[in-house]
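This structure is in structure tokens; I'll ask about it shortly.
Chains here go by letter, A, B, C and D, matching the order in which they are written, and residues are numbered from 1 within each.
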Amino acid sequence: MPRRKIIRDGKNVLLYLNRKRSYLVRVEKGKSFHTHKGFIEFDSLIGKKYGTSLFSSLGVEFVALEPILRDFVFKAQRRTQILYPKDIALIVMFGGIGPGCRVVEAGTGAGALTTALAFYVRPRGRIYSYEVRPEFQEIAHKNLEKAKLEKYVQLKNQDVTLGIDEVDVDTVVLDLPTPWLVVPHAYAALKGSGGLVSFSPTIDQIVKTVEALEDNGFVDVGTFECLMRGMQVIRGRTRPQTLMTGHTGYLTYARKALR
Amino acid sequence: MPRRKIIRDGKNVLLYLNRKRSYLVRVEKGKSFHTHKGFIEFDSLIGKKYGTSLFSSLGVEFVALEPILRDFVFKAQRRTQILYPKDIALIVMFGGIGPGCRVVEAGTGAGALTTALAFYVRPRGRIYSYEVRPEFQEIAHKNLEKAKLEKYVQLKNQDVTLGIDEVDVDTVVLDLPTPWLVVPHAYAALKGSGGLVSFSPTIDQIVKTVEALEDNGFVDVGTFECLMRGMQVIRGRTRPQTLMTGHTGYLTYARKALR
Amino acid sequence: MPRRKIIRDGKNVLLYLNRKRSYLVRVEKGKSFHTHKGFIEFDSLIGKKYGTSLFSSLGVEFVALEPILRDFVFKAQRRTQILYPKDIALIVMFGGIGPGCRVVEAGTGAGALTTALAFYVRPRGRIYSYEVRPEFQEIAHKNLEKAKLEKYVQLKNQDVTLGIDEVDVDTVVLDLPTPWLVVPHAYAALKGSGGLVSFSPTIDQIVKTVEALEDNGFVDVGTFECLMRGMQVIRGRTRPQTLMTGHTGYLTYARKALR
Amino acid sequence: MPRRKIIRDGKNVLLYLNRKRSYLVRVEKGKSFHTHKGFIEFDSLIGKKYGTSLFSSLGVEFVALEPILRDFVFKAQRRTQILYPKDIALIVMFGGIGPGCRVVEAGTGAGALTTALAFYVRPRGRIYSYEVRPEFQEIAHKNLEKAKLEKYVQLKNQDVTLGIDEVDVDTVVLDLPTPWLVVPHAYAALKGSGGLVSFSPTIDQIVKTVEALEDNGFVDVGTFECLMRGMQVIRGRTRPQTLMTGHTGYLTYARKALR
């Protein structure tokens, strides 16, 4: 997902209509994209700068934005439980993840979090992503290819609760129903001082995970939740938005101490 | 801030005592570090792995962790208004910031956010950070040096409300009292489809900033806040923590459409 | 709304099906009530105790509960902006409202808040409720009658921004678009030390109202919001609910100091 | 706590200094009250209206407010875990409590909640309040006397987990460490359709309580939490307050179905 200025054949574009509707599409010479607001011919976009406005066949204005990580994350998740950009951002921060990191992830799911992890560890880091369900691996692979991040990721069709192949990794990221079963394997896979981050919706999961972390030599163990609330910002009528997601999940983090 | 395994002379270590107390120190051959729980001789750490436990002169156990971005962010901010890791994580995500990005930041302050931005754009990206108060530039420089990220940052002692020198940047990040005054300059500095993120504590600031964004050709404009609440996780006594920061600031994001 | 034990002809019953569906109905001898789960004959209820279970014609179990204030409040509001039980509870608490109080309210709307105020000031208090829109007065009257609280309320089809007739009242409760216009009249109507409570959704409204209160001799002025989040409580799967109302309104309170 | 207009000898006054400091005192002829801002002679207050301003011996202005329930609740709780006005308001609303209700409460503690319950059930209702620790009963009695609400309350030095003497009560209110042990007794004490409200800080408590309620014939069982956040309202600088109480407790409510 390197940042570019000019829209080329084969590249992704986010066709932005308004706050509620936008389309992540791949530009293809000679083809067009159809929406309920008319169609858009890709040839009229090729060679233009990202950020360009254009009109559909029905005269409706779209802006051709360069997709960013947030767009790939949102669009990747149609078929699975949603992981929000806020949660992904916090996983990356509390996992100490950045360029050059080697990260183990489980489970892959549709690859939304995988995409984000790959994005942040570029160009020299690598993601080892475990998933037991083969059908999800295919979806994840497509989503990674779309974001052009597949080369940073090794998708592994293995049960992470049976063990992790890698050693001396920087961070282990868990987003699966039984994170506590992976904690001993994560300890073995992590380098000294390496970080673990686990994302879970229920109290039962965080209690079991925190206990497993404390029993297995982790320190700096903490759990929190993050509530995101949109604001309606209009002069004279500014107020928080009525609709809000009340809960996505709890984030637990820890670091490996050597025994 | 590349990740390492072995503690060497001159490197940073986070001496972790407990959830409430840890010390970010630089290891120096022949020297020691004094705490209220006794002193620690650095020579006993050099050559050991990060994650190693050690005992102070008073027999209290510490863990020598490898500092991660979150630690540098926390420790950098003693003298200025605090920007929390959660806010920094969201700024990075909603600004579309990652490896290779060229980012303009204003103002620098003590450099906590600057440190984070530099961390994420490595190794080929660059941060151009504006600050009118020269005394803060020095503090920021020291904090960047501590995190070994100074080479990714150009600190500029200039008033960003008068203009931005750079062009075609990927993202502009604003954390200053009058972000709306910078919006036209940010538009000029950004490449098409480039992102802007602004962090402000008051309603008045977000109203003026959103108006400036909408008046200056930005699209996909949104504002939200994020409430973080710690959990006390103990079997049989799990509950949210009593103390909580009720407000840090609102985050506004937008993308540049070409006119 | 006096509490009773036995279901009689002409009384209200809450036919409770499950957490999501219940029906507030008036028991009428010889008649029946139809739901998508079958019909219920009222004669089978008359003479039974509140709390009794019964089966519909389709064999589905209902519980015949005695309606409480919360039920009347919920059911009264189909056609207007919703005021939640939590907000009503806080208005009553921060307004210092209880048995014997004389309270001015504006505007009446569908009478949900009016019903609650009448409920709490019984048997010797009184509510004077202002409303400019005559069509709402009728709805409010019906809702008050349903709850058998009409005798504690005087509905006034008057514009409260032009003045309040009553004097020496204990509390003034405002739930209308321009509360700041009523503040001087509220001051005149209140006894020394009397309370004012105002409920508004936007920032602009609370700024103008707080300024009016401070300019007009009120002290102990404060504003807050209250976020209510439901919990899914199931052993092993306990967690906050996903859906949540992110904002209803801000509550501003104050007390009259004599000048 | 009937509302009055004139300050008399022996009555309570809230000497209001500012948002952070106020004093709930009893006016006594010939005596004075000392604060760090000078002393106030009670004789200068007797015969004046509530709401009157006066100056201390050091020339600092105070307002002599008539105390409301919220003041008694706040001032009653110096020595025990705090129950906030918001929680008390919600207990009253979700318990269906109002004038005329007969309510069983456990435990009494310092009597803050008892005071509130007595306030709302006046003049014909009654509170039966259980407490095993005799030392708290005395404190509660003093707090009730101060608010002149003692005649509506019967304080009982009994262990409520062993049983409840009363029958056909309207509501049972639980604020004690093991509410689930009281649920069967509450069922026996309640009239058909009567309400139960329980306030608990931990997840474990709400899981056990909800299970006990569902196992013992209650319906309409729900649990929620309420987060209250103060606003700093100043034109141009309006924002949520930084400090916030992140958690007080969860409120569970239910109603008795007859078996």
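To be clear about the criterion, a contact is a pair of C-beta atoms (placed from the backbone, for glycine too) under 8 Å apart; a residue touches a chain by one contact, two chains touch by 3 or more.
Bear in mind that the values here come from a model prediction, so they are computed numbers and not experimental data.
Interface of chain B with chain D: the two copies contact each other largely through the same residue positions, with over half of all numbers used appearing on both sides. Rotation angle, chain A onto chain C, C-alpha superposition: 180 degrees, expressed as a multiple of 5.
Computed from the mean C-alpha positions, the centre of chain B lies at a distance of 44 Å from the centre of chain D. The distance from the centre of chain B to the centre of chain C, with each centre set as the mean of the Cα atoms, comes to 47 Å.
The geometric centre of chain A is 21 Å away from that of chain B, both derived from CA atoms.
Shared interface positions of chain B, defined as residues touching 2 or more other chains, are 203, 225, 229-230, 238, 240.
Pairwise, the chains that make contact are A-B, A-C, B-D, C-D. Chain D makes touch with chain B in their complex at residues 201-204, 225, 229-230, 236-248. Residues of chain B that touch chain A in their complex: 1-3, 5, 16, 19, 22, 49-53, 63-66, 68-70, 85-86, 88-90, 92-94, 96, 98-101, 119-120, 122-124, 168, 170, 191-195, 203, 206-207, 210-211, 219-231, 233-235, 238, 240, 250, 252, 255-259.
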